[in-house]
Amino acid sequence: MTYIPKPAVVHPGLQRNEIGLTRRDYEGSMTTLCAGCGHDSITAAIVQAFWEMSIPPHRVAKLSGIGCSSKTPAYFLKEAHGFNGVHGRMPALVTGANAANSELIYIGVSGDGDSLSIGLGQLSHAIRRNVNLLYVLENNGVYGLTKGQFSASADRGSLSKKGEANTMESIDGCLLALTLGATFVARSFSGDKAQLVPILKAGLAHSGFAFVDVISPCVTFNDHEGSTKSYAYTREHNVEIVQADFVPPAAAITASYEAGSVRNVMMHDGSWVRLRKVAEDYDPSDRDRAYAYIRDRQNHGEIVTGLLYISAESQDMHAQSDTVPSSLVDLPFEQLCPGNNELQRMQARFR
Amino acid sequence: MTYIPKPAVVHPGLQRNEIGLTRRDYEGSMTTLCAGCGHDSITAAIVQAFWEMSIPPHRVAKLSGIGCSSKTPAYFLKEAHGFNGVHGRMPALVTGANAANSELIYIGVSGDGDSLSIGLGQLSHAIRRNVNLLYVLENNGVYGLTKGQFSASADRGSLSKKGEANTMESIDGCLLALTLGATFVARSFSGDKAQLVPILKAGLAHSGFAFVDVISPCVTFNDHEGSTKSYAYTREHNVEIVQADFVPPAAAITASYEAGSVRNVMMHDGSWVRLRKVAEDYDPSDRDRAYAYIRDRQNHGEIVTGLLYISAESQDMHAQSDTVPSSLVDLPFEQLCPGNNELQRMQARFR
Amino acid sequence: MDRVNDFAFKIATANGTGSASANGLLMQAVFRMGVPVTGKNVFPSNIQGLPTWYEIRVNKDGYTARTPHFDLMVALNAATYDKDVAEVRSGGWLLFDSSWPLDDRLKRPDVTYLGVPLAEMCNATFKGVRERILMKNIAYVGALAALMNIDEDVIRQLLKEKFGKKQALMDSNQKAVDLGYQYAAKTFSCPLPIHLEPLDKTKDAILIDGNTAAALGCLYAGATVAAWYPITPSTSLMDAFRGFCMKYRQDPETRKNRYAILQAEDELAAIGMVIGASWAGARAFTSTSGPGISLMNEFIGLAYYGEVPAVIFDVQRAGPSTGMPTRTQQGDLMTAAYASHGDTRHICLYPADPREAFELAVKAFDYAERFQTPVFVLSDLDIGMNDWMVPKLTWDDSYKPDRGKVLTAEQLEQAKSFYRYLDVDGDGIPYRTLPGTHPKGAYFTRGSGHNKYGGYTEDAEEYVEVVDRIDRKIQRATKVLPAPIVRTAPGAKLAILTIGGCHAACGEALDLLAKEGIAIDYMRVRSFPFGDEVGKFIESHDLTFVVEQNRDAQLRSLLMLETGLSIDKMESVRYYGGFPMSAQHVISGIKARLDKAA
Amino acid sequence: MDRVNDFAFKIATANGTGSASANGLLMQAVFRMGVPVTGKNVFPSNIQGLPTWYEIRVNKDGYTARTPHFDLMVALNAATYDKDVAEVRSGGWLLFDSSWPLDDRLKRPDVTYLGVPLAEMCNATFKGVRERILMKNIAYVGALAALMNIDEDVIRQLLKEKFGKKQALMDSNQKAVDLGYQYAAKTFSCPLPIHLEPLDKTKDAILIDGNTAAALGCLYAGATVAAWYPITPSTSLMDAFRGFCMKYRQDPETRKNRYAILQAEDELAAIGMVIGASWAGARAFTSTSGPGISLMNEFIGLAYYGEVPAVIFDVQRAGPSTGMPTRTQQGDLMTAAYASHGDTRHICLYPADPREAFELAVKAFDYAERFQTPVFVLSDLDIGMNDWMVPKLTWDDSYKPDRGKVLTAEQLEQAKSFYRYLDVDGDGIPYRTLPGTHPKGAYFTRGSGHNKYGGYTEDAEEYVEVVDRIDRKIQRATKVLPAPIVRTAPGAKLAILTIGGCHAACGEALDLLAKEGIAIDYMRVRSFPFGDEVGKFIESHDLTFVVEQNRDAQLRSLLMLETGLSIDKMESVRYYGGFPMSAQHVISGIKARLDKAA
């Protein structure tokens, strides 16, 4: 049975959604991320999306891997069960949970290291299975929690003037998802709440694996091999301790721009990202055109954001394996155990 | 220093390559695969390719994972070091070996289970690193060695009339490789030696990760969930006594056809694959066009074969990380150890 | 000497020829005649063409352990002639395909040869390669039937049951049997001294392999989610579970599935899915073997520290690494007991045969949920893949799953507060809640440091409080885990302590030693951590022989660690070549030590 | 009582504020004054804003273990006021930022308050948030310098070395120091009873962390390939190695790299790369922590059974699972010793401090190649990430890498035949060849069953022959592995046996107990498997206290397993809350037992 939690003490002026809850009811504990971290902006957008959709928080299950990004489920939906698993393995946990209870709403939060390095295999296969879930990849191009190593999404082109790692081809989560047959693929930017919230809501609404790649700047680690802020170099010059340990209080990046127009946004590390919002008339129903479009803009040094692809005939894991409509955890034991008579009968087979 | 092995006893009539070796010199021990297994045809093509290129066998390192396909390195180049690693992890082994000794010629053999399920992450990241290696994915759509479960390459469309597993989107190794920025992507068919051998030679010549997906029918396990031959079914119907471990004697499937043409090939289970060989004038230099073409033909139920993409400016792992030309294993210890004087000098840093 | 209903024979062929079916038919026929029988399938780790053997032991006294001594050898694989002929006991028989002259390698002065022109007869009788290969196998069944006095009607009946509707198949199989039978009957003086006489010792028994039995246990325990990655010798467990689910887990009206079997991309994912499903409230399990356990290590630690139930079947095979995938061993005892980095300790169950595999499979789910922790069921290739004769399985219909301390929506509604890791009852077991139940039930499961309230912590005291409680929880489980099986001999100063599938060999060894006047007490542990009785048992004997199937005496290691006793109390008796343990191995190990002492 | 050059103080701030540099400056200043000093950085597992502490112990006798008693607390983090004030010893001092009134939570009757208006002064003096936050930290350094009589010139000199060319930075730092110094000097009666006097006890020593030292060892050992995946607390080892390589491993002309550092996609790949590189003939290593070890389990078994060298640094942190990534523990002792499924046993080395981390890192490569097997170097967060005062490192230029039995092209050319796994010399160590050397050297490395010729096998005898030899090989390694460190006290009937970083605490405890007339012998094991002397040592004492940092007494477990001795001989003394072991923990553990006895 489902409980609609009673509205907490009424804060005058606090707006309520259809089930009488305020945004507060969708928040979690205090963030422990750096001031200005893009991930916190995404958390806010998630809170907003769930609130707007009037989803009972306790009917949500929030899962994550390990990383700064993966900490964020603690910062939203305090009335939802949370599972902070091991690094890169959230997709398996959520697949199992979803198999057991198909009636909950699942959100998985991960980072680019968590998803594209150690977790690449599990992410790919969860996409294949089309597990019904909103998957948010909080993408900052680095391993934040381990202090700024490049991740697999560190873009080759945009970092060409820097250290070694950038010589490697970056992995574009959206292109990967499309190639693996994802049924919902979107990209947004933590600083663009206006765009992000609707995408998150669409992802929650989608029945199947909703892949959302959110560019989410790491305000703290823009250093890298060969830079004057790298561990080795600064160690040599004896200024490193002060600087590497120093974190400026930075404001979250924000950007807003006209549909179809290109806007340059300065990242915290001083590099620029060009954002092109998909034109309003863009048709996100053609997998191959979406892929080609992203690639084409990429070749022009642009990152396409928006709802890039959504499949009309998405069949989620349960639809594919034809499980009963009610979730398996709710099946009474009597329906599961054939009993002794049948056991005796069937053993004729073993003689 | 390199040894050119002395030609073995002369078998009159046995043709010799530039370094005086016969095909025999490129063979390995007896195969233990099923009669007619596609993998054995690929082994023959590999022998042919190395022989034609007159590569000294002992300058080759052959690595593989676990599976019927991964057993095949034992069946060619007996004078080359072989490493039969653990399941799905050959890419890491070969990456390390290549890092240590860049002067050997590396060939990695894997299966679709080994590469696209358990090994998907490692394959993807070896592609990103552009490790200099010929990677042969012997693709039969099943886990042969564990008796025929569907692999991630089991094609959805072509199996739609069959059991459950086929409801999942299949992973196309070539599309994946292209998406990950592979510098050499090809597909062929085990039965088409005329096409396969030149592709293998091109892959060996390529400096970087040469991904070759070879469709290689499994003569034994054409059964699947729900089919009248599946283990579950036979158990239910108690006819395992004739089916349990019987492998019908079979011959390898061969197919030769013109460039640019389409050819239907019947698999051992009676199902068909429709192969399209790229035309002579096909331009393999455009990554995005290659991707689009493969997808387009896929949508028409065709599997494109041939050298699909090759990058002009491939920079392999060593070029990217700017290592010395001679292989690291050959560096004299004096070049590696700074010695005690320097140790004393540097310790000023630690006071 | 009288060898009626007490002998062993072995059939050497190549795999992929269909011989397994013929051998199964033989074994089943003996069983139907009411004579206790055991079969060991020794197969290679490939699909076609490599040597494979089938060993059948007939024993009126019901000894089911493997015996390494064979009275008769069916030598049909030239690749292994040398090895095979050497295994025939002096004075024994060797059956070969006399379509070709007897191979020199098969010649031995002290062996009687039985030439049967299998190929010749089948080629003359059957059309098509496929049928000819298959029927050669059925033909030697017929020959052996004549030689060993196996009831023709029983075989006919078995063929009918198998091919009931398929008349053509039925006929050709029957014809093949007759070919072999008649040839042997008229050519040799049948039956041989080693032959069968009908008995009535199997009517309350079944022939079943441990993987099928374990799958039945999962079905009856109410498991709804299974996640796995194929690996020999555990694959047939999941295949069997799927088979049962297709039959017993479909909604009668809609035919929709009341189960989910997830073929994961690897073992890391498989165990992750199991943990996710258990966390969500399902009874979930995975089945794997050694390499899979190694890959599951990280996740197992998460389940242990996050206190999430999980059931893991480890059908052990010969390690280390890939090892010998089609050979049996008990090599994962240590790995399973302390799997994952950091301080961990896991509940393990050790079935000795398929029947116990069924029973302990059910218990595994009860323990996993009751103690909110991973539970290993450690069987092995011999138990899992070979057909054993065991008493019929029974089920207590009053069984109710022990879901442990799970709070319902109602309880949460009443509760003033809920904290996940509080030791409310002082038994070390906290209360859990399932996702979606109730807003008050929400908490955060994590493998990082947490305090008893479920909050993240890096505080020393808070951290220690939780890990200490978990340690108590697992230790207390010994109070309810299955007790060891004990068998005492009056005045015995010596003892045998063993585990799992060694049970059969040890039981036989005890009887044989008793006949020699050597009195030995016996204990077989069935679960880990061990209860106090285990240490007491060892202490109460001058010397305990620890019998197991691995190189490093892993059971003895566990005994030393958990009882604190010194190695002097325990003499290790090991066999780890990949075959099941035999009474002969046990006895020679014990005697070696006794002779040393003497 | 005299507390000159013998006291401890602690600084409580939040991470990401730059305090680490200030604290390092303080510690270095003490060191430069010739006074032995230890610093423990207690930091959270996040990047900014959570509580972090720095503990500095000044001790003229050179005791470097952590002490839990603090004479002075710098309390600058309101979030931890309660905790921090409680840790000041009675009669101690507390320095706070008097820009705001003293917080009630900080009030204690038996503590002297030292208010310094850090924020006020810095806001008045410096422009910009960034500089103000930073300089507040430098300012308390100045204040403490006055209070504890730290030489101003030393600090000035240190700042010069740090900011040499950066005059502006230099000036502002110096100004901040002076602000704090002058304020304290004129406000309080300086110095406090706890203060410094110059000594000459550090001139032959350095301040270095174990990860840097281990990286130096890898550099000097000639390691050319490193593969890793970032994980606290091992990351700085690879960062340091990269730093050294950039300086010492570039071709002088071409500037090209004589090394390859591979940031792998995960730990499974990292160890795979190391095994691949070692197989190809390079000295290769990885560095990781608990979770990484769990993920490496499968590959470790392959290297063990395939006999491929591999060096693995496990910088241990508090487990299980993710545990407390920024707290120290010795929780992987068992996991490492028997890592991977099946029968395995691995060589482990246990450094006690950064200097030994340097030395054992070098040896690790020699052993890995000599015995053709994985070698673990088990350090921990305390050794790896904290700066320790140790004697200067030295290097013997006559060192030649022990590559073990590797056949050259010439040898192979001469050789009649080569078989990979033959025990030619009877020492259990076979000969290897490297890929590309010579046609005759070719062989097939596999984790599946193989015979001594390197061929695939499923034959029991052939399989056993190889795994038994490997077992002998590892056992024989004890003859050359680093012997335990022993310290005896005349007539001692009791003993302490410990491992790794507990050395410092145990040494101090021995002295303190000796002062009380309690004579105790001492042994610290440095390698696994243990040599016979370890068992003899335990046997020769009435009782041995086994001191370690994990919940489950893992060292004692290893001792029981490997010596075969009963638990009665060993009393476990453990601390596993995440802080380094202190002499007080050791003593109270020992006394608890002695009192019981008494």
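Brief remarks on what is shown
Read from first to last, the chains carry the letters A, B, C and D; within each, the first residue is number 1.
The criterion applied here is as follows: a contact is a pair of C-beta atoms (placed from the backbone, for glycine too) under 8 Å apart; a residue touches a chain by one contact, two chains touch by 3 or more.
Just so we're clear, the structure is a prediction, and the values are computed from it rather than from any experiment.
Averaging Cα atoms per chain gives one point for each, and the point farthest from that of subunit A is the centre of C.
Set side by side, the interfaces A-D and A-C show unequal numbers of C-beta pairs in contact, with more at A-C.
With centres taken as mean Cα positions, subunit D sits 36 Å from subunit A.
Each chain gets one centre point, the mean of its Cα atoms, and the points for subunit B and subunit D are 43 Å apart.
Of all residues in subunit B, those touching 2 or more other chains are 86, 117-118, 120-121, 124-125, 129, 152, 238, 321-322, listed in ascending order. Under the contact definition stated at the top, the residues of subunit C that touch 2 or more other chains are 45, 265-266, 291, 298, 302, 321-322, 446-448.
Put simply, subunit D touches subunit B in their complex at residues 28, 31-32, 206-208, 212, 216, 219-225, 227, 248-249, 251, 254-262, 264-266, 268-282, 284, 298-299, 302, 392-397, 399-401, 409, 413, 433-439, 441-448, 456.
Considering their complex, residues 32-35, 66, 68, 71, 86-88, 117-118, 120, 143-147, 149-150, 152, 165, 220, 225, 231-232, 235-236, 238-239, 241-242, 245-249 of subunit A touch subunit D. Touching subunit C in their complex are the following residues of subunit D: 44-45, 290-291, 293-295, 297-298, 301-302, 304-306, 318-327, 329, 331-332, 334-335, 338, 340-345, 446-449, 458, 460-461, 463-464, 467-468, 471, 550-552, 554, 557, 560-561, 564-568, 576-579.
Taken in their complex, subunit B has these residues touching subunit A: 117-121, 124-125, 127-130, 152, 164, 167-172, 175-176, 179-181, 238, 288, 291-292, 295-296, 299, 315, 320-322, 349. Every residue of subunit B that touches subunit D in the complex is listed here, in rising order: 1-3, 5, 56-59, 61, 63, 73-74, 78-86, 89, 91-101, 103-104, 121-122, 124-125, 129, 318, 321-325, 328-329, 331, 333, 335-340, 342-344, 347, 350-351.
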